[in-house]
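So the structure is just underneath, and the comments pick up after that.
Order of writing sets the labels: A, B, C, D, E and F. Residues in every chain begin at 1.
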Amino acid sequence: MSKTPQPEVIRPSNRQHDEPRDVRLTRNYTRHAEGSVLVEFGDTKVLCNASVEAGVPRWLRGKHQGWVTAEYGMLPRATHTRGGREATRGKQGGRTLEIQRLIGRSLRAAVNLKKLGEFTITVDCDVIQADGGTRTAAITGGCVALVDALRYLQREKKIKSDPLKQLVNSMSVGIYKGVPVVDLDYPEDSSADTDMNVVMTEGGDLIEVQGTAEAGAFNRTELNAMLDLAEQAGSTLTRYQREALEMRD
Amino acid sequence: MSKTPQPEVIRPSNRQHDEPRDVRLTRNYTRHAEGSVLVEFGDTKVLCNASVEAGVPRWLRGKHQGWVTAEYGMLPRATHTRGGREATRGKQGGRTLEIQRLIGRSLRAAVNLKKLGEFTITVDCDVIQADGGTRTAAITGGCVALVDALRYLQREKKIKSDPLKQLVNSMSVGIYKGVPVVDLDYPEDSSADTDMNVVMTEGGDLIEVQGTAEAGAFNRTELNAMLDLAEQAGSTLTRYQREALEMRD
Amino acid sequence: MSKTPQPEVIRPSNRQHDEPRDVRLTRNYTRHAEGSVLVEFGDTKVLCNASVEAGVPRWLRGKHQGWVTAEYGMLPRATHTRGGREATRGKQGGRTLEIQRLIGRSLRAAVNLKKLGEFTITVDCDVIQADGGTRTAAITGGCVALVDALRYLQREKKIKSDPLKQLVNSMSVGIYKGVPVVDLDYPEDSSADTDMNVVMTEGGDLIEVQGTAEAGAFNRTELNAMLDLAEQAGSTLTRYQREALEMRD
Amino acid sequence: MSKTPQPEVIRPSNRQHDEPRDVRLTRNYTRHAEGSVLVEFGDTKVLCNASVEAGVPRWLRGKHQGWVTAEYGMLPRATHTRGGREATRGKQGGRTLEIQRLIGRSLRAAVNLKKLGEFTITVDCDVIQADGGTRTAAITGGCVALVDALRYLQREKKIKSDPLKQLVNSMSVGIYKGVPVVDLDYPEDSSADTDMNVVMTEGGDLIEVQGTAEAGAFNRTELNAMLDLAEQAGSTLTRYQREALEMRD
Amino acid sequence: MSKTPQPEVIRPSNRQHDEPRDVRLTRNYTRHAEGSVLVEFGDTKVLCNASVEAGVPRWLRGKHQGWVTAEYGMLPRATHTRGGREATRGKQGGRTLEIQRLIGRSLRAAVNLKKLGEFTITVDCDVIQADGGTRTAAITGGCVALVDALRYLQREKKIKSDPLKQLVNSMSVGIYKGVPVVDLDYPEDSSADTDMNVVMTEGGDLIEVQGTAEAGAFNRTELNAMLDLAEQAGSTLTRYQREALEMRD
Amino acid sequence: MSKTPQPEVIRPSNRQHDEPRDVRLTRNYTRHAEGSVLVEFGDTKVLCNASVEAGVPRWLRGKHQGWVTAEYGMLPRATHTRGGREATRGKQGGRTLEIQRLIGRSLRAAVNLKKLGEFTITVDCDVIQADGGTRTAAITGGCVALVDALRYLQREKKIKSDPLKQLVNSMSVGIYKGVPVVDLDYPEDSSADTDMNVVMTEGGDLIEVQGTAEAGAFNRTELNAMLDLAEQAGSTLTRYQREALEMRD
């Protein structure tokens, strides 16, 4: 689907410009959570645990709807050098808050909150090992954990109908050494000219587009090339999600 | 430049779909800051003060470059109902951190940090009155304050060459009742289907694109229509900035 | 009214020893707050927004009375050099807390809390530009914003009778180079021997007297000379407040 | 020295209107601090420990002077009902900060900071039992602890000359049921019309005057009556301090 | 009861290896708390105030039982060098939290929480002067204050039966220069090989054993020798507690 | 080695009273840390990452030694019900601090800090899934990660000799329904009469003993029975550690 030949860039991983990393989705990774998924995008590993709790936040009480939210964290040594533990520093950093707000918004797009009833589902996304793309992996795996939590609510007869509207997935794309590439790993991410995270529905529509020029700026042509790559990878992610969840086509 | 007729939507402000609010940029609004600009996008009023300080953050020391950063705040009663004061609650919220990170990244795109030398410029963007679009106003006005701070450094002979690479501006666009519109005010913003903030260079290239589907999702056609509107408004903002700064064409 | 000739001091502003700065009170400065006043004492500019909220703090519930409180903040670059943002540092400093407690106590002296009913009025005093005397300006302007909030409650038929007991105002006085002076600006304030803030009723009685010897000590004669100056200036402030509020004599 | 007869008020303690409570100053109350004084104003008991540390705060480095500061705390059950522990709540309250700033300013008036050299003396004032007037007791007892710390520095040959300029003391006065009274205990303090804390030098000059109308307002005549009482009590406090310190007359 | 001769160690205090310091328990030390005990283990002095409040923490509501908890603090200059005030640093340190959790658990072992009814007793243990063993003194003195609070509840007819199950006490033991010793003071504590805190019932059973090898490790024989010393001292502490409380044998 | 027959208790897991759970130690679990071990005690899973950093804490500078410390955390849904994220609440709880202090002390007993040189090793112990005994698993697994970090330092020639003094391990024991048992899982832990954590050297000596009576009290006979069980299990843990580390006997 990429419109132009991109022959010459050598990615650090030797992947093709439109070739995502291996994706693995392991359900029931831990045993307590209503949904527990280890998602791996290559060496990036994120544990996504969906927890169901009765009740909703104060500002939603009496509105006959549920809530879906997310929290994000990184184990201190998920990265090359040890990062301070946010619990020790006494607050979550701006990057953390920004990412968990993005994950929460994205996952809410998957759910009919009215049908969810007065339950809150919190999806904890904790990075065990980081190699770029932790937020996109978290959304993709978090959605699978979320579906398991919704199934739990139905199996336990706590809700009557399925609140799932659509699966959502997320993929990073960027301009690396002038060439649009998909699923940036850490070496690419840290030297890319432009970095964009795209959240998509299983139908290929857009939920969120966040593109940032790290060096210089980017034009509409480059934006479109990146979106093409994201769309193509998104359909692959949807297939993995459906397979993991044993959904009928 | 909008490709399709958009005749029928009635915006709460009665503006045309591609008509931004009145923009005012008042330089030297307060007297202590090296750059001080009150920016108004209609009823949204943001005071942008650029402060120059010698030295750079610890992690940049010895790298022979400067730094540009931003902080964002909202006066408690800038909004319809009073919001808690962040200083009282003891931390900045996630929305605040997300916005000030965006402003900082955007303004850094305007500056050659090597030429800036070991100075830090902090642009404080404080919202006096909010009516939607505070972050886009802050970037647009903050850039003017930043230029004044750069001029101060040159006038005072603290640096030798002009670190300004290009002006940057920002505009919000969205899908309101199915129609792409530009420069959403609060009534539109709170009920829009999709909301997108675009940061552009004076040359029309993209620095940052952040689009979020608040309800449903959006497709590539809608994305392109929104970007067209942003581009068109961006060139207007550039003109206002240059006029305010008395820059030669 | 000053008892002794004070001929010889040269104030940095060239004002007479008993000459306050120009005072301006601009009502309806922003549009959301029930009372919104920009108060200027020369180059000191404070935005005072009075917000009405139904209900009272927990410890007043069921006591059939209202509450008036204040919060104070300074924009980071209101001063000559940039001060850290309190929201970023994670707490309000001792000076801030001390000032907002003073403003709150002073404004409560203006109101019959029983007549206010179970409403809370919060007066946010945010310093846009500082040149000495921000707390006295805040009390003087905050009282006007408070009256507007009380009028709002009456106009909206939320309360039956006027809770206003009396206007309150505040003025700084001090001993500068051995001479009692009124309304110290920043250059005077930072080198004064003694600094005193006086809060008065419109009838000339005292609500609060806070005098501090910054160098050496002061005696009863000096105290009385300062209080004479404050009384004289207070009656001027009352006149400005009444004019701004269009009160009948 | 009180100008008018005040025959009729019955104070809860049966004290005369101009009669302070019994004052006790116990030096060397604990054994580690360079100065350690338990001060008692009746049932109000405050432990004042003066600690000497080499060095000064960052903003005083290289200025060839010392620093005197104070911290104030109240044991949770110093009062009638248990107050939350500030260490547990994670911050010092506004009242605490206001009081410790007052104590610090007052004690600095006792010391020639140049002669102190680059030492910091921190006077910790911890309220063991509260019955009104904790801040005045803290200043009065803290000054004695401070002198012991200055003597320690001289005895240990760490400084050459005595930095003590003058003793300082503090007394509360107020208007209770219409009558000026001295040294308010808790029952008086909580129902007084006006409450004033006065800090004085041993020579009778004023360091700090903080008067607050808790109900209504007060006039210049009442202010003067209160100051007369404070002056009279201050000279008694000076005598107690000198006796405790075994100072020659 | 010590099994082996321990002739040769010279303790800094010249005490015998099985000789605790002088213990004093002063009831009614302050006047507001329902139980107020100053406990002294030699130069270690801890003020233990027990406060009764109606109600229980949220997680115990409706369970028809009471709660006993403790808080621990150290005055900044209780020690040889001044420690930072935890209220100023904004949080209680790990050591503080660990100690107050230990005190709370230990004191709960003294009380039948069902019989206590829906009251919370908070025992504040504030160290006035430290010389080793502050936590053991706090438990021993805190238990006496707790009993006074239980007696208050009975005297005031707020509860019907006595919730006291048994007195608890605590003693430190250790290996100092190879010899088991009891009641370590600061010089011993800071150079002991092993340090153990033992909490016991008045019947001699164990509530808590916390032994730590500071250097090397310890074996079962040493553990038993230390426990023998603790048992022996514990029976002495019980006697002091019963005497202070005027309990019948 | 247990001295008396314990025939009758039925443990929830059907284990014998002296039968620990299956233990697994997986080295190189993640790829960035210098030592990375997943330790499993049955369903309890803790990821222990040892990070090497040059330098030591401020208070150790210039002392020619290294430092070993630990941090402990629990993923929010490691437990049956979701616990709040400590980073969100803004501080580590008392239990967390207590555990991480224990882990740090225990691991320091394994290392000759002089031989370590001026390096700091931080062992992060993050609980992926909890079923009782997380702290004992963390110490046991953390020691293996620590050895890998020490080997890294030697392999990289950053230090000359092996700082390892001895392996340390930890096991929980308790009294469950009156019977001493080893390695309590969550169902046992939450209803045990007494709970004790023992840290031992590979030679069988004691590093730390922490026993708590959760209900009633325990006597010396029970203490000894528990210690017998811990010793027996400790020698098993040592064998697993040595096998995992491929150490010669």
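Convention: a residue touches a chain if its C-beta (ideal position, glycine included) is under 8 Å from a C-beta of that chain, and two chains touch if they have at least 3 such contacts.
Remember, it's a predicted structure, so these values are computed and weren't measured experimentally.
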Set of chains whose contacts include both subunit E and subunit B: none
Distance-maximising chain from subunit E - centres being C-alpha averages: B
Self-contact between copies subunit D and subunit E, residue sets same or different by half: same
Intercentroid distance (Cα basis), subunit F paired with subunit D, Å: 52
Inter-centroid spacing, subunit D versus subunit A (mean Cα positions, whole Å): 60
Residue list for subunit D, restricted to those that touch at least two other chains: 90-91
Chain contact graph, described as a line, ring, star, complete graph or other shape: ring
Contact set on subunit A toward subunit B in their complex: 91, 93-95, 97-98, 100-101, 105, 109, 196, 200-201, 203, 205-213, 216-220, 223, 227
Residues of subunit C that touch subunit B when the two form their complex: 30-33, 36, 43, 45, 47, 49, 51, 53, 71, 73, 75-82, 85-88, 90-92, 96, 122, 124, 126, 128-130
